[in-house]
Amino acid sequence: MSWMLIDLTLCISLLILAVAALYARGLQQRVVFFIAFGLLCAIAWARLNAPDLALAEAAIGAGLTGALLLSALNDETDPQPPLTQPRLGRLLTTAITALLTLALCAAVVTLFPLHEGIAIQQLQQQMPHAGVVHPVTAVLLNFRAWDTLLELAVLLCAALTVLNLAPARPVTAHDSPLTGMLTRILLPLLTVTAGYLLWTGAHAPGGAFQAGAVLAAATVVLRLNNNPGFTHLRVGALRALLALGLLLFLGVGLLQTVLGGAFLQYPPSTAGFLILLIEAGAMLSIACMLSLVYLGGHLHPHWPCHAPSNGVDTWKRHS
Amino acid sequence: MTPSVLLPLLILASSLIPGLIIFTLKEERQRLRSLLNLSGAIVKVALVGWLIWGVYQEQVFETRWALAPGLDLVLHADALSVLFVSLSTLLWLVTTIYAIGYLQHSPDRSRFFGFFSLCVTATVGLAMAGNLFTFVIFYELLTLATYPLVAHKGTPEAIRGARLYLAYTLAGGVLLLVGAVWLRTLAGPLDFSQGGILGDIPGLDQDSLRWIFLLLIAGLGVKAALFPLHGWLPQAMVAPAPVSALLHAVAVVKAGAFGIVRVVYDVYGVEFAAELEVLTPLGVIAAFTILYGSVKAMSQDQLKKRLAYSTVSQVSYIALGTAILGPLATIGGVVHLVHQGIMKITLFFAAGNYAETLGVHRVSEMNGIGRRMPATTLAFSVAALGMIGLPPVAGFISKWYLGLGALEAGQGAWIIPVLLASSVLNAAYFMPILYRAWFLPPNAWPCENDTRYAGETLPSLQWPPVVTASLALLVGLFAASPYSPLEWAQLIASREYRQ
Amino acid sequence: METTQLIYAVTGALIIGLGLSAALRDEPLLARIIAINIAGVGVFLLFVAIAYRGFGQTADPIPHALVLTGIVVAVAASGLAIAINRRLHHDSPSGDGPAEDSSA
Amino acid sequence: MTASFFIWLAALLIGLGTAVFALGTLAIWRLPDCYCRLHALTKIDNLGLGLLALGLALLQPDWIDGVKIVTIWLLLLCSSATTGPLIAQRAIEEQTR
Amino acid sequence: MSDLLIALATLPLWASLGCLLWPRLADLLSPLVALALVGCSLLLLDAIAATPVILHHLGGWGGDLGISLRADALSALLLALGTVVTLAATLFARRYFTDDQVRYRFWPLWWLLNGAINALLLSADLFNLYVTLELLGLSAAALCTLGKDKPQALRAALRYLLLGLIGSLLYLTGVALVYAEYGTLAIPSLAQQIQASPASLTALLLLSSGLLIKCALLPLHIWLPAAHSSAPAPVSAVLSALVVKVTFYLLLRLWFELFTAVITPAFATLIGTMGATAVIWGSWRALMSTRLKLMAAYSTVSQMGYLFLFVPILLALPDHDSRALAFGALVLFALNHGIAKAALFLAIGIIQQRLGHDQVDRINGVARQLPVTLFAVALAGSALVGLPPSGAFLAKWTLISASLVTAQWWWLLVAVIGTLLAAAYLVRVLGAAFAPAEPPPPTGKQLLSGELPALLLAAMATLGLGLGAAPIWSLLAPTGLGNIL
């Protein structure tokens, strides 16, 4: 019975925060409410026995997206001028969405109690051959590896576009001794936790995405005292880093088909090792892509070619 | 691939391939272009000759190509199609010679002759279509191929005329399409067969058949320039002379008339159509168009506009012929298809000569043109007399048979007066031209082109009208000879009616 | 066990409704991105509520993997939208337009 | 006896922690301007969290989890130590402008 | 056999990585990869002729646990369309982007988009389709941002991205409901299990509305004209020809394979009416638009409307083989529109590059400067309007006969009006092109080899599909689509 109370408070506060994040007056308030909503949501995942998701939500959902939104606050965002829907249009859309939500709630209510799906039964039978102990990582990198591969492609697409759109904006410098101290403490801790998360992914909640997100958080911290972190590489190295995750995934997948067997089918003996290899590559690529998405591409104005020999990179000009 | 399957394709290819090659030719390659054109025309005439001989020997020529399950592209040569193919092939040869001379100095000739050959391919394909589906395909292709020809000059009126033409013909094409599809869903594959197919299919709902007949005739009527749908024809006279000669005398207008003949005889069957009482309204509209066309022609000062309205009225003779139940009227209608083509093309050639050499566009400027250009005006007069229906020239025969057919079908009461009235009206708008050309003293020509020609104008412009005029005379005199159009029409009529 | 799933699933559904209705409104880009992210979280809440198998037991891992993929895709899309918006406002109001950018 | 003693101690500490937190939120709500609220934000919340962390650490079955919870508290100390002055610095800049 | 599926799904991703790592090599690599893809899809087509459905379980996990790649007649035909159009657009893009830096930025995103299209056509898993849809939406929006005049292109890309995200979220909610109720995500096994229940109906509504947003059916089409007209020519060619059509392919899978028990005639008629309004309204706006690209974009909106016209007819057709005929006509119409629209956009790209603008009433005289391109526009236009030599004529013939057989004659009326309006805006362009030439424009240069892809595509749409359309029906006959055929 006590759990009911906690669940109700959690859900109601989630709803209140959602409404606040959507309808607060100023944009800044909305962003802050959104970050709070993200963190509360991480607690909700923890409550629903989804530790992986709690990690990911806290690191990516609330953390990185929140940082992204905060950094985007100072771009003046004019409302979409051309799309001012007439009153009737807006009324119609809200009516339709309300209708859809009602239908959704009615459908959801009729769903429970759920009966055991075929997919889960097959999963329990196949788990011993998965090469990793932790079921979520097994699903992510073995049973549904094709999803994760395409998801890396989505991330790559976003990162490439951010680089393509790089305006030559000067880097704003606002470092102070305090942030220096914070980075000196946090940086080693973040890298160690990232490595730990990558390693435990095989038998406990963790994995490439959460580790990548923690490394991206390291870049955010570095960005605080004006150091672009490891994204400031030569363009060639940056290209390699971006492509690493996807390249490894495709390479390992193709290797298996060459040796017989289906695409992305790991031989049981070396499955664990291969998954770890892919996860390591994926972690580096994800960290680089997520930090690029946060930083924006202005560090490489001449992407994808090398900076012209005469032009000095914008970063050096400012330090 | 036995010859019977290959021949129709060869006939089509003989104008398609030269056309496609001409498209790619540069503007200056004048000699190669004329060579290609002429060789294509001559090869086609030879092939059609072989076809005529074959069909006369009851040989079957048919190529079938399955486009989709249940929809086949069929090219089938029967008596009726051979008649129309031979007409258009012969006149295409003559018009090509004329066009080469006429367009010597104008730009974009490659584009012109390319579309010119495509248009003839479409006409020949339409003539040899074996079922309504193929007919609709080539009907629309004809529209596509003729639009650039009408808009060839690029002047604002040319483009407006072409746009009006396209609006009319595309609307007509869509009506024909809907009618054909509706008929296809009701009666299954519609391969043309002598004596019609709908007659012997039981349990067809009469009303929808009437609606379909209306749709089909409306679709075809646009190109056959029946009364309410003829608006585009006078406007399309902005096209250069060879275009208005071949297209509006032979290809486009006859396609519509030929379509009406096909639908009435080979789809519905003329007895079944009479049963449905759809023929009499068709006859009434045709008769009204005949009179309306002649009346409007009288008031036109522009020579080509007058000839255009005369075409509107003349083509309806064919529709009138099909609307009268009886072999004689059929013969009259079908043979008029050929005669009118030959006579009208002569008139347009003559009009083209006048415009090209002397810059004469209006009837009022034609005083004493007979003295200046005797050969062309002589040809013009022969054709004009033929149109009026005087005996030696071909026109008389078709009117004669139409009259006989009307009497035989017992509807002579209202058709004979129409025929007589139209002859009188024809005289009313042709005689003043002849009188003005031969008997009035010439005044200054609008723009006398340089007079260095040996004869009255370019040889390639002068001879075609004379040839076609003499052809009209020959056809008129030797109507009874074995291979004459009249003989051929009697063969067609005998097969269409079930004795 | 059903009641917990039910509570979270219905909350998820409500959050989706809230997020989508706000996303369709005509507001500055950041507000719409927040709305879309919130609607995304709503969908994930629905997924995880379906995966819940009672307090002690381990939940069904398949929806968890799907939600993980969804979170990463959501952040990629939001980042892209913000980058486009930043470039849009870097170009048009300032009007000077970066010299190095060459037109396609 | 010692087990129940630890449970009681943990319960006491957690009770105290939540009370301090409640006090802190009340302070943030009632205090007039930004600088006073900073005190509530940094000092009181850290205290509350410290008590809570200690209480929970006692409850953990094996000691390593207790150490992890305490390190969480230490990390939070660092971050609130930096955020407090930064917010103050920004507030001063805002007022002077 | 299943190696073909792997090759088709992963080759574009390899190409994208190759173009990312070695930009200078990209210009050579891309045409080769495009050619290889066309080869694979043709091989797949004749493999499908032998075995109706080819299945490949990824990672060896069969059935409901893992994801499987599946190719049947419908997806094989659309793959063929996709690879052919991509080959033409790739050859065109090599000459269209004159500035190296923009081209190097273009290639990786281009191959990601193509990879998304192939992955979506081959995937047989509901959630995997969500990920491919996202990749499709993001890479398409990313390519839009490369458009020439920046502010307009960026604003269009942004609106396209946002509406795409909303669509994907609706789709994902639908996936959640389906998973909750049936416990699996694999399409083949779902096809047997789904029956009519409130949750399935809501799932259908959500999935369909999400996809309809991405498919730009009438009330939800606001993003399409801006996006397709401001994107660079090869991108808008692929956007109009493939991206919108692939989303429609998904809708077909949903309506006619998964949710056959749930679909009601009322729902189908609603879709039909939305399609009908799209046909009329789209052609009307195309007639009114002043820019060639905007006209082509609105014509896409209207032509997609035609595809939705087929839905109520397909549902109402009584017997098996008339339904197979109508379904073949639907696929033929999609293929014909894809190829013809791509040819049109490529040709417009050339005209825009040559004249510096694409105002419809100021392109007179283009007939003399770019004869090949204008011929391609005329051919592609006649294929879009559905005039005889083209495949669309056969499709419209079957559509009209099917609407008569099912006594729903009003769809016939819409098709006729749509054809006439389409003919009107085609004539408007051709008429302007025939007018006498103004003095030759200063900008632009002759790029004959750039004109070839457009002309070949246009010829394929008219003659190729017009005369050679019979194999489509023979391919589709055995499987048709799910259990309705």
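Structure notes:
The chains carry the letters A, B, C, D and E, assigned in the order they are written, with residues numbered from 1 in each.
The definition used in the following text is that a contact is a pair of C-beta atoms (placed from the backbone, for glycine too) under 8 Å apart; a residue touches a chain by one contact, two chains touch by 3 or more.
If you're wondering where the values come from, they're calculated on a predicted model, not measured in any experiment.
Any chain bridging subunit A and subunit C, meaning touching each of them, is among E; the list is complete.
Steps from subunit B to subunit C, taking the shortest chain of touch contacts, total 2.
Considered apart from subunit E, the assembly falls into separate touching groups, namely A, C, D | B. With chains reduced to the mean position of their C-alpha atoms, the one farthest from subunit E is D. For the interfaces A-D and A-E, the C-beta contact count is higher for A-E. With respect to subunit C, maximal separation of chain centres occurs for B (centres as means of Cα atoms).
A summary of chain positions shows that the Cα centroid lying nearest the centre of all protein Cα atoms is that of chain E. Averaging Cα coordinates per chain places subunit C and subunit E 27 Å apart.
Once the centre of each chain is set as its mean CA position, subunit A and subunit E turn out to be 31 Å apart. Across the assembly, subunit A contributes residues 80, 83, 100, 104, 108, 111, 114, 117, 119-120, 123, 144, 147, 151, 154, 157-158, 161, 165, 302 that each touch 2 or more other chains. Residues of subunit D in contact with two or more other chains: none. Annotation for subunit B: no residues touch two or more other chains. Chain pairs that touch one another: A-C, A-D, A-E, B-E, C-E. Residue ranges of subunit E in contact with subunit C, taken from their complex: 97, 99, 101-102, 106, 127, 131, 134, 138, 141-142, 145-151, 154-155, 157-158, 161-162, 165-166, 169-170, 172-173, 175-176, 179-180, 185, 232. By the touch rule above, subunit A contacts subunit D in their complex via residues 176, 178-179, 181-182, 185-186, 189.
Of all residues in subunit C, only 16, 19-20, 23-24, 29, 32, 36, 39-40, 43, 46-47, 50, 62-63, 66, 69-70, 73, 76-77, 80-81, 84-85, 87-88, 91-92, 97, 101-104 touch subunit E in the complex they form.
Within the complex formed with subunit A, the residues of subunit D that make contact are 75, 78-79, 81-82, 85-86, 89. Across the complex, subunit E is touched by residues 23, 65-71, 73, 108, 111, 133, 136-138, 140-141, 143-144, 147-148, 151, 154-156, 158-159, 162-163, 166-167, 170-171, 174, 177-178, 181-182, 184-185 of subunit B.
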